[in-house]
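One chain, subunit A, appears in both complexes that follow, with subunit B as partner in the first and subunit C in the second.
So, the complex of A and B:
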């Protein structure tokens, strides 16, 4: 289904979505972030991209898996703490970030479905905003089977036409969302389609950064696993971990107990994001570490995204959002690294 | 209610036995679930044990699946969770989730000779498969165990090993000379070279510190053992146990799910990140 919604009526649509928790990008002290929208008028999808992807809404940085405490008969009582299935709309999702969720979906399903992830994921409706202009100079979605107008993983895609949005309804969830305010949406004039096509072509032209021959990289990564290449590339790394914390596809986590009282025992088991760039991530209790240096950890980050994940799911675990390049304090640039991988020894 | 794999099931410690004292203490724990459970494991699988308030540790199930009365774990005191376990007393409650990982393909090994090679706490993962093979002795050929520890005081299952000698060939070793020690002195790979096991129709299972595994396998290869005949287990740091938290991988393999049991034929093709 394709519709037109004027920007003037946009807040009225939001008003109709009272039964949903609504997240939208909000500007705070110069940074855009997804926050719960308090006031429909403050929504402004004309933004580049949020510092953190909407992954944090589905898979929060810290969450309580269960509470535990002393109990007479069994010794310990465990109370599961699953999130409520609160219908949620996330507005302004960029296509790269929507695609990223389709990748974390793969990790959190399989033999062991992750109920914490899926409670939130199933309750979330993703309303995307096509990138008429690449949000970052480091965008490279075109190199990894993405596009600034990609619909993958979205329920609705909006394209900014100036004074109105072109609205593509892509799933049943999306239909319900638009159906909640059907009268606000009008039919699409014939010319719109070609207008959108033109916007798309122009947007694609504006993406200048490129990983060359990405399809050759998985094999190449295997080939150069033991090469000194990685030491050179990782030299500058200060192990801050920003590259993976901001990555919309990274999913590694830690599990720890937090104790409020020892007697009687009372505490929580907590899951928090973790980071393959940290030395403790893989360090055994004996002190032995299978990835003991920056080189092996950078190799892991790149190989996971461009080799292991491809082997497991036949997709890159990278959607080209450019965040890890934008924010790396020492200028490690995944595009450059990948291009060097391809050229190595050639 | 949907299944939630992160929730451990409460279990009682029904017996605790000190195997080794001192700085590298090892205790063997037997557990019984408090409520109904569907926990059923195979040889080589592991379980995530919880000490509530301290966290979780992945531990091999050292009892045989043939043993239905309890589950057994032999644990080296090394950090936060394992130290807390060592402080616990019979009747205390822990949490258990699992079983996790793949298992030794013992059904495929029927009719073959089995050589078990363990170092230190590495006897724990071997114990389950060894007891199972002993329990179905008629299904297998000759059974042999090589077991080495730093000193005789560092041996696990000391009494059980004495019993075992009546049922199968057992080659013990200690790393350095000590008064009263009648058997081999030296590292496990040296003991293997000394006893020269025959590769014909034989499977080997090696568990222990990474350095011991490496040299034991080299020693076996010298006698003509093929990669497909050499099995081992890999222990990488684990948190989730179900292939999601991302830390236990060797290349595209998650050791918690795709391991811990590997044949050398598989392992030699994976990156050396273990």
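So, the complex of A and C:
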């Protein structure tokens, strides 16, 4: 279903969505982040992309899995803390970030369906905003089977036409959302389709960064696993966690019990994001660390995204959002690393 | 002004003669505005060496890697590492020397004077260039920066886009070096600790609200710690790796290891992390500003460290990193040191 919604009536649509919790990119002191929307008027289509992807809404950096406490006679009592299935709309999701969630979906399903993840995921409606202009100079979605106008993983895709949005309703959830204020949406004039097509072609032209021959990379990564290449590439790495924590597809987590020192049998079991770039990520209790240096950790990050994940799911675990490049303190550039991987030894 | 060809000649000479095992300098980044750290092993690679206002990084941070690497080698190459240091970076070298983390003969210091300017602030530059793509930033006459963009050349007074720390910097010329490029200038700076004025004027409650808002954003990527040349501790309080567990460590011993901080990025834990770091940098932070620059969520971390620097100055008349022959602040005691704050 394709419709037109004027920007003037956009806030009225938001008003009709009172039963949903609404997240949208909000700017605070130059910093864009997805926040719960207080005021419909504060939604702006003029944002590049949020520093942290909507991953953090579906898969928060910290969540309490259950509370536990010991009671006399009855032993230990456990209270599961599953998220409420609160209908949630996330506005302004960039196509790369929506695709990223489809990849995380694979990880949290299969043999074991992660109920914590899926409670939030199923209750979320993703309203995308096509990238007429690439949000970052380091966008490279086209190299990894993505596109600035991709619909993958979205329920609704909006395209900014200046004074109106072209609205593509893609799923049943999307239909419900649009149906909440159906009268605001008008039919699409014939010329709109060609206009959107033109915007898409122009947007794709603006994406200049490229991973060459990405399909050759998985095999190449296997080949060069033991090469000194990694040591050279990682020389500038400072072992921080920016690249992985900001990545919309990274999903590793740790589980800890948080207890007060005076009551070790009462507390919370907590899941937090974990980070393969930290030295303790692979630390064994024996004291042995199979990934003892930054070279092996950089290799892991790249290999997971461009080899292991491909082997498991036949997709890159990278959607080309460019965040790890934008924010790396020392200029480590995954596009450059991947292109060098391809060229290595050739 | 620094002549880049002179700098390259020196670097080539050092490598040709085998005087250093490698040089840590700057190269053009593969993307974006900033330069990137550059590890130069051969004279041929020197051609890619750059020096311009985008060379913001404090390269002394990499001496930690070098030290760890050397410790693992059976017969390590004992030659020094060549390293390019700006004024602020050179003060970091002094602190590392004071603390005996490095020895003077471990490093060959290629000092560069920032003269009357310094390095840029990427965000301030972005405001000036307003969407234009920046291809190059260069030093120019009359303390200006020349910015080459896809829409032509702009010349801006450096002051308008300088990193905050550079505006307050008094050591624009390196205080310890083996060779110096650029003019040895001492410049006057209007008002010490100006950056603190705004926050110090706030009430306790307002300050609490300020830090609460900022530290709530922290994602605990530890980039501020990881980029810091002073955060070289083998065991950081936030890493679980500090539990030295061996085959002989019993389950009980493991259970009794103190967990100083939870992994959860919640306000209380974020506060603990940032306060611990600020305290551990008192009298050690040289205000290179790297922690604040790298923060992905824009926490004004520099204010915490600047405050500690001010305390050290006011209480003990201590200037960080000016002289490596003086004892460090936290490792020294003088009879005249105030003690009225000890209660």
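By definition in this document, the second predicted complex is superposed on the first by the 338 of 346 C-alpha atoms of A that agree within 3 Å, B and C clash if a C-alpha of one lies under 4 Å from a C-alpha of the other, contacts with A are read in each partner's own complex, and residues count from 1 in each chain.
The rule we apply is simple: a residue touches a chain if its C-beta (ideal position, glycine included) is under 8 Å from a C-beta of that chain, and two chains touch if they have at least 3 such contacts.
No experiment lies behind these values; they were computed from the predicted model shown.
Undergrad: First (subunit B), second (subunit C), both or neither: which does A:276 touch?
TA: First partner only, subunit B.
Undergrad: Mind working out whether A:18 is in touch with subunit B, subunit C, both or neither, as first, second, both or neither?
TA: neither
Undergrad: By the touch definition at the top of the document, which applies to A:205: first (subunit B), second (subunit C), both, or neither?
TA: A:205: touches no partner chain.
Undergrad: Is A:325 touching the first partner subunit B, the second partner subunit C, both, or neither of them?
TA: Touch status of A:325: second partner only.
Undergrad: Just to be sure I read the superposition right, which of the two partners does A:285 touch: subunit B = first, subunit C = second, or both, or neither?
TA: both
Undergrad: Identify the partner contact of A:254: answer first if only subunit B is touched, second if only subunit C is, both if each is, neither if none is.
TA: both
Undergrad: Where does A:191 make contact in the superposed view: on subunit B (first), on subunit C (second), on both, or on neither?
TA: After superposing on A, A:191 lies clear of both subunit B and subunit C.
Undergrad: Check subunit A for residues that touch subunit B in one structure and subunit C in the other, and list them.
TA: On subunit A, the residues that contact subunit B in one structure and subunit C in the other are 254, 256, 274, 283, 285-286.
Undergrad: What does subunit A use to touch subunit B in their complex?
TA: Touching subunit B from subunit A are residues 65-66, 68, 74-76, 78, 80, 82, 107-108, 110-116, 225, 251-257, 259, 262, 265, 267, 269, 271, 274, 276, 281-286, 288, 290-291, 296, 300, 303-304, 307-309, 311-312.
Undergrad: Can you list the subunit A residues touching subunit C in their complex?
TA: 29-31, 33, 51-52, 61-62, 137-138, 209, 235-236, 238-242, 245-246, 254, 256, 258, 270, 272, 274-275, 278-280, 283, 285-287, 289, 294, 325-327, 329-331, 333, 335-336
Undergrad: For subunit B, which residues are in contact with subunit A within the complex?
TA: Touching subunit A: residues 2-8, 10, 12, 34-35, 52-56, 78-79, 82, 92-93, 95, 210, 235-237, 239-240, 242-252, 257, 271-274 of subunit B.
Undergrad: Enumerate the contact residues on subunit C facing subunit A in the complex.
TA: Within the complex, subunit C touches subunit A at residues 29-32, 34-37, 39, 57, 61-62, 65, 123, 133, 217, 219-223, 225-227, 239-241, 244-247, 254, 262-266, 290, 293-294, 296-298.
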